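Next up: the structures, one after another.
Same chain, two partners: chain A is paired with chain B first, then with chain C.
Moving on, here comes the complex of A and B:
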């Protein structure tokens, strides 16, 4: 608290633990034990395991083999296929859903608080159903018979019956449509909070200059919510790179690995084929890629963002 | 209400109404599109338990009946137990997080102790690590070393105190006035008393938000319970639903009934505690 007589105090503090030190450790003890056993140890162990060919009794050290195997380029290397699929999925789903959420948030804004809450709740609700439940429903929506609701609906517009999930042409598209039509509640609510925080004087000034609605959105709102967009973009990309549930439940990665994502690939290597070392190496590569992507996005968009 | 963004037609009632009507229609249509799978799920659950694809032809079931729900519960003698298991796991996880994460969050926010910065930085870094990294060693640890397959502990322990919740609490507690704590100290309160008597009563909202979010994510968690259970008696409802799906590929209505059962408790919770759900979204976001 008292910075003026710092040196002496600090000298005494160094000598032994202060009361605060002790209380601090008492308060974090449980959390830190849990953290060390269930997060820190697994992370270290994952790095360690990634250099081994894991066997329950006596793993065999293989050096960087798991990494080189993963990254060795060949047409049949599933890792690149999965990385490509994940990239395609992310590049389409994340920006589109951000744009959608932004548009919806701007549209919700002119209403009274009560109406706003109703809309927020409506958009948030689908997000609280579990991934398993939702994928069960979507599986039937995409039913490949002409009776499937998706086929029926598109049939009105003359689109012929599709084999949505079991054709390499449409399988990825199906997962993307599903992601875009699922809940954007958290993004919308975050955007609305940011929009409500914009000072009215900006708009008043713009009005004096005769700005139209779209000019205001383009030159005032969009730049001012940029930190929010950046935050949602980074978290969106991180989430999208780890996507697992839909691919696992809906297509199992098929057909012909057209929907195998990195998350599913790691799962299969670990829990289907028991190649723990390889899976760990791939998970670590995924971590590095995610970290690099996040830094890149901050660099790209964050130039004029202040916190 | 309207911020300056929407000041264009305030004096022209007709245009204003027209504009708002158009916006409302667009919003409702899109909301309907995202809500549709849920509505379809619930309605179809009341359809008859027959194995024909023709059932799903319409949005409303051909015949209203509860037999599909019955079919789901009859599928396994443990169906009800799955819900109970989910409840136990979620409750345990919530309890642990509310207790341990709030204590740790308080220490990181308001107690100055050696190493606090380093330890907190570690927790921040941990938040960014994808779950794929920790999952495999955790699996080996819990299943092969501790032999904890099919126990509640195996399902609860790894998420007993998450890095995110510690972060959330720390963020909130940092905003509480320090003089309050200092004066309590001078009055002779120990840190423990301060925490119990002053901090916790001031933090009901953040604790409620944390409890609800943790409960929701625990209830909806499929992956981890799926990995550490292999007897039907210990499945959670999500794992049970997945097994039901794989066993009954053609039974449309019962599958929808099962999905409804797995989601219903969360819907009820959402309608009861909507305010906290909404608050939970913005409370953790960075200040933009």
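Moving on, here comes the complex of A and C:
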């Protein structure tokens, strides 16, 4: 492009607000309105409320007290325990879930499309089921009596009865197993789409060179699905840090707060103890932590990734 | 054309999102039918008043207090409307699971219903929130005297009544009376005179076999606190605060209680796994447990219904259950403490919202008093196998026939032993105690039930947490009572 013409051309383009531009804004207005009303406004309101000792009629401005109360270390401040529990849950569930989803996707791929669809539907079903309904079923599976399904199954192998949800040794493990077995439908579908996008010529070339199956996965598939892996990792971490339903329905945060997650803590402060301002402060802190982790993940893994 | 169609579809999408938002009207409102009062219901007003002229709508939110409560509530609302044609009642029906969360959310948004059912333990939270109302200012003069002082005390804080009691429920233990008598245990003596913890331990030992536990308690998850409260009454811990307004759970009585529970759970007479709330009665009915908790007088109806189903062989009986009579038993006493019973009151409170005015509150209290008294509450108490907590309710009560006299007498004796919370407890104290129980005491207690800690460790933790919350000077020391 002629350098002397560039700025004048850009200026002319800037000045022309065409009809198409207008329609473009109109079409994105729907999504923007929904975003502003249901996401942006609540976040701004939460930030505002976090500086108050909130009461429905007559809140009291307390400045940063809610934040200092949250972050002040004390043996009886549940925030740090909840943060640790959430971190442990995330560090175990997210990578294992990704690995499981990737493995299942690779196993599904060789099948015909119709068979693939059947498997995809089966794995996706838990994602559309009600979380409450799922939790009720899992409560039945985790029945601590000797007649509970898991206990009966383990009994065949001589394993003694486990107090699944009532013992600190098994309560977090129970939630992790539940998460791993019921929440990777979306990841599988996403991975399959990514795998289908890999050009066959790479595999043909690898076969000519005598590559084994695992070598193809390691040197061709895994690097080429890296953008998808990064996306699923970031969204997985975000979702795991916000986990609430599992802990609320299955254990109530116990025993001994061993399964109290930050999401549950925020819920309890807001709706059990009516400390709405404190709950908002904790939610904002959680948001900042999640944002920082997402940035960190992109910096670490996303250097050579383009979407 | 395509662009216009796209615009219309986008607008429908946005409007569809907004239509799901609540308006000022409650989401699940059921307006009662404007029908004449049913013939069998006596439309007796608490007192004769001149019908207010201005039309007004009263919103009440309630869970199924009894199986027929919500249906009856609609009838009572219709009767009330017949008496006061300008006052309309809207009912928000909730389930037990969603009621507390929904109410808390609505209250915090400034859109609380005018009347809501709550447990007395939650009163402090709503008073702290600033949405609870001093009902004495808006009730007709003298009407508060209809209610029993001890029950009203549960719905009051610092001498101010914020609600009216629906019922005072007692929590104790229930048993397979048939089995106990077969084993030679004098059930009637226990019911009439009470028993000690040592006697209780002997009885459950007698009742334990390879296929049956002597005692089972629903202690899974958050229900673990029921065990503390219930057995606590037998060791002098009837209330969270002492008459001197000190936090009671730091007293030595608590250590005795914890040691007793440690002994019970480690004895082999109780299951060593968490028992869900729904399992406890079933385990008794199927012969897998002799005594169970927590239990209430109204469970007699469940046992009778199951016996009838077994006789009729209609397939509705609990699978594997046996025919048996139910005995309601008092909580055993420990360490020489006086016999007592854990009681809690569920009631209705009047709440402030954005539309509240003084005149509106008078109408609200008029309706609230109406449904908490007279034959309305009497009908409710018949379902719950409890005594009414107001004089007009007792006057209207006609006891259902066929109730076990011994159970009736035991329930009456237990109700009489319930100790109302001391006067002077503040909303802040109640709210702090609730959070302490939920976040510190129950979690450690769950560890004790799982056999992963000792009673002494739990007690030490409770003391440490209570001192941090209330200050050591405001916590009870030594033995109470």
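The rule we apply is simple: the second predicted complex is superposed on the first by the 265 of 307 C-alpha atoms of A that agree within 3 Å, B and C clash if a C-alpha of one lies under 4 Å from a C-alpha of the other, contacts with A are read in each partner's own complex, and residues count from 1 in each chain.
Convention: a residue touches a chain if its C-beta (ideal position, glycine included) is under 8 Å from a C-beta of that chain, and two chains touch if they have at least 3 such contacts.
All of these numbers come straight from a predicted model, not from anything done at the bench.
Peer 1: Determine, under the contact definition given at the top, whether A:147 touches first (chain B), second (chain C), both, or neither.
Peer 2: The answer is first: A:147 touches chain B but not chain C.
Peer 1: Based on the superposed arrangement, let me know which partner A:86 touches: chain B (first), chain C (second), both, or neither?
Peer 2: Neither partner.
Peer 1: On chain A, which partner touches more residues: chain B or chain C?
Peer 2: B
Peer 1: Check the residue A:78 against both partner chains and state whether it touches chain B (first), chain C (second), both, or neither.
Peer 2: second
Peer 1: Mind working out whether A:136 is in touch with chain B, chain C, both or neither, as first, second, both or neither?
Peer 2: Touch partner of A:136: chain B, not chain C.
Peer 1: Considering only touches as defined above, state whether A:165 meets chain B (first), chain C (second), both or neither.
Peer 2: second
Peer 1: Would you sort A:34 into first (chain B), second (chain C), both or neither based on which partner it touches?
Peer 2: Touch partners of A:34: chain B and chain C.
Peer 1: Looking at A:195, would you say it contacts chain B, chain C, both, or neither? Reply first, second, both or neither.
Peer 2: A:195: touches chain B, not chain C.
Peer 1: Please work out whether A:271 is in contact with chain B alone, chain C alone, both, or neither, and reply first, second, both or neither.
Peer 2: A:271 contacts both chain B and chain C.
Peer 1: So, A:101: does it touch chain B (first), chain C (second), both, or neither?
Peer 2: A:101 sits against neither chain B nor chain C.
Peer 1: Residue by residue on chain A, keep only those touching chain B in one complex and chain C in the other, then list them.
Peer 2: On chain A, the residues that contact chain B in one structure and chain C in the other are 23, 26-27, 30, 34, 38, 54, 56, 139, 143, 145, 270-271, 276.
Peer 1: Would you mind writing out the residues of chain B in touch with chain A in their complex?
Peer 2: 1-8, 19-20, 23, 26-27, 30-31, 33-38, 40-41, 44, 53-54, 56-57, 59, 96, 99-101, 103-104, 106-108, 111-114, 116, 119, 122-123, 126, 128-141, 144, 157-161, 163, 166, 182, 190-192, 195, 216, 219-220, 222-223, 227, 238, 241-242, 245, 252, 255-256, 258-260, 262-263, 266-267, 270, 274, 277-278, 281-282, 285-288
Peer 1: What does chain A use to touch chain B in their complex?
Peer 2: The touching residues are 1, 17-18, 20-28, 30-32, 34-35, 38-43, 45-46, 49, 54, 56, 104, 106-113, 117, 119-126, 128-134, 136-141, 143, 145, 147-149, 152, 181-186, 189-190, 193-198, 200-204, 206-207, 212-213, 216-217, 220-221, 225, 227-228, 231, 238, 241-242, 244-245, 249, 263, 266-267, 270-271, 276, 279-280, 282-284, 286-287, 290-291, 294, 307.
Peer 1: Which residues of chain C touch chain A in the complex?
Peer 2: Per the touch definition, chain C meets chain A at residues 3, 6-7, 10-11, 13-14, 17-18, 100-101, 104-105, 107-110, 112, 125-126, 128-131, 220-222, 224, 271-276, 279, 352, 431, 434-435, 438-440, 442-444, 446-447, 449-450, 452, 464-465, 468-469.
Peer 1: If we count contacts the way the header does, which residues on chain A are in touch with chain C in the complex?
Peer 2: Those in contact with chain C are residues 23, 26-27, 29-30, 33-34, 37-38, 54-58, 74-76, 78, 139, 143-146, 161, 163, 165-169, 251-257, 268, 270-274, 276.
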